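The following pair of complexes shares a single chain, chain A, combined with chain B in the former and chain C in the latter.
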Partner chain A sequence: MINRRSLLRNSLASGAGLSLLAGMNASTANAADAEPIPIGAALPMSGTAAADGIEFKNGLDLAIEEINAVGGILGRPLELHIEDTAEMGADVVSQAMQRLIDRYGTPVIVNGYNYGTNMVEMDVAADSDVIFIHYNTLISHNNKFKEDPDRYYGSFQGDPPEYYYGPGLLSYLNGLIDSGQWEPANRKIALVASSVEYSIVIANAVREFADQYGWEISLYETVQFPTNQWGPTLAKIRQDEPAVIAVTHFLPQDLAAFMTQFIPQPTNSLVYMQYGPSLPAFKEIGGESVKGVVYSTVVGCLPDDFSEGFRTAYREKFGPTAAYLTGSQTYDGLWKWALSAAIAGGAGEPYDGDQARAVSASMNRLIYRGVNGICRFDPEGQSAYTFPAQTPDASLGMPHQFLQHQDLTQDPVLVAPPAYAKGSFILPPWMS
Partner chain B sequence: MDILIAIITTGLTNGALYALATIGLSLVWGSMGMLNMAHGALLALGGYAVFSVATTLGLPVWLAVLAAAGAGALAGVILYICVVRSLIRTAGKNFETSVMIATVGISISLQNALLQVYGGQPLKQPFGVSGAFRIGDSVVPWLNVVIILVSVVVMLGLALLISRTRMGRAIRATAQNREAALLMGVAVERTYLQVLALSGAVAGICGVLVSSVTQLSPTLGADPMLKAFIMCVVAGLGNLPGAVAAAFGLAMIEAGVQFGMGARWGFPVLLMLVIAILIWRPNGLFGRAQIRRM
Partner chain C sequence: MSDTTQTLPKAGKTLSGGRIDLLIAALLLAMAIAAPFVIESRYMMGQLILGLFWASVAVQWNLLFGYAGVFSLGQMAVFAVGGYATAMLAYYLDLNIFLAIAAGAVIATVFSALVGLACLRLQGVYVALLTYAIAQVIYLLIVTDTNCFEMVGTTCRQFTGGATGFARFGDFGMRAILKGDWIKGNYAIVLGCFVLSMLVSWIILHGPMGLAFKALRDNQAYAVARGINRFHTQLLVFGLSAFFTGMTGGLYATHFQAIGPGIFSISSLLFILAIAVVGGVGTFWGPVVGTIVLMVADELMREVGSFRSIGLGLIIAFAVVALPRGLVGRFSDIFHKHKS
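Let's look at the complex of A and B:
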């Protein structure tokens, strides 16, 4: 059982948030006696994305436990309600969110990601005057927000859009060359995307900026989602060896299969992958063949002292193999909302537009240092700023982290950006 | 040359997996007129059974593969006793529709049960073969060879069982004409039970082979199930040799298209081909026309 004293002592990660919230709660009634605030989450708890859905719920559970331990929000404890979005899609996700609002009266819905929604969630939130926080990591959120900022005032993307992976990767590659850490055989990139919006937007962004950064796209291959037989794709890559193979597909088991099929006949290419290598399953399935793989994420728990308390608490509560990198997203999202709601004078309720706008304004003002780094919303698109592609100031943007699997007995090494790096890039074994 | 070898390796491996998934589905359809929508979930069950026996209990992998076949067979038996038997007795002319809907429900339940027990994170399948051998400049993984060989052995075993044994004769008789088989003294209900157990066992082994490539997740059977259904329709529902030929043929075409036109075109071209075949031969390549009284 968690209590206020042990929480404040152990959780370095949310220490500032805990103290702030505890201070604001000091003059209010005991949380246990007050009416709970319903918190909604429409998550893929079954189906292909269930692994991530479970971690998103874990992140919310942990945040709620911590927030309630310091008195909830102005004396009201939080209570989580989940709706399963299974295979996702616009119809399923919008109905799940509407059920949360109608059944439980949730003033906020904190989702992880749901794909195939065309950002219809923003309409549900707008029509019901609730705050909606998500980690779909899509530029389409920004585009939709720009269409009508007054209508979509309550929708926030807690991380930067996927679009910034493109310039971020190219900038990182050039940094490796400029610093003498890597000497590529040519300036060709083979792009391998899968047929989902997230993957394609990233691949397109790399292609869009390649020329500007001095690179040439020698292959652009789109594979089915999911996919595990990489033979024909690898045969194409081997026909014209690129300096970089960038796989923007993101399922860890498929990416591990790519590496196990690549390693018996490797090319002299740096292998960059998307998101999947951050999950324990990638290393577990791929074994030695994943050693040397570089990947990046625009959102993920930083391997620093600040987030140590969170990582420890997460693994203690959910087991040693739990993926805190995923759970950290909803954890930070709920914490930022809780602080903003407390500052705004309360969480409000659905269809209370005035209070929802007050909370929204508070979220926009609050620069929150969470376990994923800084969350500060870009007023143009209401997504988190990314550092360094959008802002050169590390204290004003969420770091675009580049990591490499170096020692399989340890966690991957954060190799960029330099402000957060814990080690240096090493040449993968198949290239050295 | 190395491209050709890559295409053949992928085509044969996928063909073997599709064929194994297809014969399980086709066997049940051919003998019982039942489209088992839970077949994909039985594949997943087989994959996880190997994980439990080999990784959790630490027993030898060969024993775990047998356990996967056993788990699939047992699931087939339970499916028959708890659901199919009742539907045969009560659903009458609506049996085909009722059983399809019922097995969709069973499939969802089984997938979610696996999710609850094993969690959602993908797990490493303990059945695997490392290493590769070279043909010229090309590298062929031993795992692909093992998948093809095991599939062929299982298919040959099933063919022998159906053509040479008393049980196989009963299955064939029931498939040809249920009423005539009953009049000739065939225990049709027992035959149905055997068919579902056999199909479940094949699905269990197929699940092990599929997950040696895809690794373990509760939905691992969904894609092979979809492809198997397509192969069944192309071959003509219930035609076992046709299903195997269709599986290998379409898998080779898919691999060729993936290389020639791009990986994303593999499945769409496969579907277009299926549509063309069904326009040309509505009962499938090897199927026979059926006359039904309405």
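Let's look at the complex of A and C:
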């Protein structure tokens, strides 16, 4: 159980937020006596994405514990309610969110990601006047928001859209070449995407910008989601060796399988992957074969001093193998909302459009430094700004982090962007 | 239940199967009409709409398998074709959504009839394999479509919607008319279409066509010898079941304002099969009862977390082992035993 003193001592990461919230709560009643504010979360607690769903819940649990320890929001403690979205999809997720609103009266729903929803969640939030924060990492959020900003005022994407992975990767590769860290054999990229929106949009964005950055797409392969049979794809890659293999599929177990099938007959290619390598399962399943893999994420807990308190608290509470990189997303999302709601004078309740709009305005104004870096919403799409692709100012955008598995006994090394890097890129063991 | 003359024990009067069906239909319809007036929760209304979608698809699959004996696993593909056709017609041609749904139903019918043609020389499990394979081919064609058809903002859209699918192509217009009660308007439309599909199914099953379906299912050689044209009948049943399945797909896409390749998932198909199995394959009310039982059970088990899936699995396993003719079949057996 966290008490106020240990919390303030240990949690450097949320220190500013804690002080701010504690200050705002100073004149209000004891949180324990007040009516709780229900917090909703529609998470994939079972099914293929369950590992992430559990971490998303962990992030919320920790944030709630910390917020409640300083008096909740204006004296009201927070209480978490979860709905399992299992295999996800538009019908399941929208109904799960509606259930949270109807049954518990949640003024806010903080999801991790749910795929296959076509962003219908935004309609549920708009129809019920609740704040909705998610980490679907989709450009379709921005596109939908732009269609009717007044209707979707309460929907926020807590991280940058996946679209920015495209130019971000190409810029990173050119940076490696320009700095002399890597000499590619050619300028070919083999793109391997899986059949989900997130993966396809990233692959398309790489393809779209490749020419502009001086690269050629030599292979564009789409595989089923999920998959662990990479033989046919690897055969095509081996036929025409590319300088880079970019796998935009994201499930850790499948990506680990890719590496175990790639290593027996590797090509002289840099292997870049999406998201999955940040999860413990990737290293556990892939073992030595994953050493040297580069991956990136537009959202994830930074390995800096600022977030050390969070990382320590997270692993103390949820175990040494808990993936704080995932839990950090909902953790930051809830903290940002809690501060915004306190500034706006309260969390409100469903169908109270005036208060929800006040909280939304507060969220847009507040530039929040969380454990994932800066969260500042782009008014054009109401997603977090990404640094450096969208803004050159590191203090105004969430860093697009590039990491590499170098020493399997340690956490992956953050190798870019330079403002946050903790080490340098090393040539993977299979490359000459 | 609806094919014989039956006696209600307490009333002591003889009722024909048709009258019993009418009685059940009137009771269910009255409850369905009363629902929006007594249910305040938007979530519960949403669940009712979802139940109507699944019941409608299961009713049509029951027509195909339960009555005509065609073991098709392409039902969700037909549903998806209806949904996709509706979305694409509304999105690309700006067609009125109700016209798009009707056109989607027709396109699904044509698609299903073509599948039916491909299955004409096959029987039993081979029909299942072929129809499932066709569904998977369509799924793969959609998700592997990565070519840019048009630019939407900064991203490209594939002609089929690719892995993303379609969204925001139109709705029933109920938000503009009923404001906060829009879901009740959607419910009325979906309920109306469901009643229509049930009515048409009932008429077909109680006419010569229904008898032909059952004759082919029970003894194909004898049925053909008696002059039933297998080619026409099988094509007809594929087309008829597809019209309402496709229409339901269009309604689903419009209600959720989204349709994506996830609808082809095996879990959706298995849920439809489970509904029919629990309710009773080859019984008119089986799919409706199966939908009610499975959706209520799912709702009650929401609080038990990961045991929810196990619980649903146990119900289905129990139905397969202990109720081979489903709940309605079992009830019918008890009813007849008691009568005799």
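We adopt the following convention: the second predicted complex is superposed on the first by the 431 of 432 C-alpha atoms of A that agree within 3 Å, B and C clash if a C-alpha of one lies under 4 Å from a C-alpha of the other, contacts with A are read in each partner's own complex, and residues count from 1 in each chain.
Keep in mind that, in the parts below, contacts are C-beta pairs under 8 Å (C-beta built on N, C-alpha and C of every residue); 3 or more make two chains touch, one makes a residue touch a chain.
Computed from a predicted structure; not experimentally measured.
Partners chain B and chain C, once the complexes are superposed on chain A, run into each other and clash. By the touch criterion defined above, A:E284 reaches chain B but does not reach chain C.
By the touch criterion stated above, A:D91 is placed in contact with chain C alone, chain B being left untouched. Contacts of A:A190 after superposition on the shared chain: neither chain B nor chain C is touched.
When the shared chain is aligned, chain C comes close enough to touch A:N118, but chain B does not.
By the touch criterion stated above, A:K144 is placed in contact with chain C alone, chain B being left untouched. Of the two partner chains, chain B is the only one that A:D52 touches; chain C does not reach it.
Of the two partner chains placed by superposition, chain B and chain C are both touched by A:Q224. Once chain A of one complex is fitted onto chain A of the other, the partner contacts of A:A256 are limited to chain B, with no touch recorded for chain C. When both complexes are aligned on chain A, the segment of chain B among 23-31, 95-103, 149-157 or 221-229 whose C-alpha atoms clash with chain C is 95-103.
When the two complexes are superposed on chain A, the residues of chain A that touch both chain B and chain C are 46, 195, 222, 224. Residue ranges on chain A touching chain C, taken from their complex, read 45-46, 83-84, 86-91, 94-95, 98-99, 101-103, 116-120, 123, 127-128, 139-140, 142-144, 146-147, 163, 193, 195-197, 199-201, 203-205, 208, 220, 222, 224-225, 351.
Interface of chain C with chain A (complex): residues 41-44, 46-47, 50, 140, 143-144, 146, 148, 152-156, 162-168, 175, 180, 182, 252, 256-263, 265, 267, 302, 305-306, 308-309. Touching chain B in their complex are the following residues of chain A: 46-54, 195, 221-224, 226-229, 231-236, 238-239, 251-254, 256-257, 261, 264-265, 279-281, 284-285, 321, 323. Across the complex, chain A is touched by residues 2-3, 6-7, 9-10, 13-14, 111-112, 115, 119-124, 132, 138-139, 141, 213-215, 217-219, 223, 255, 258-259, 262-264, 266-267 of chain B.
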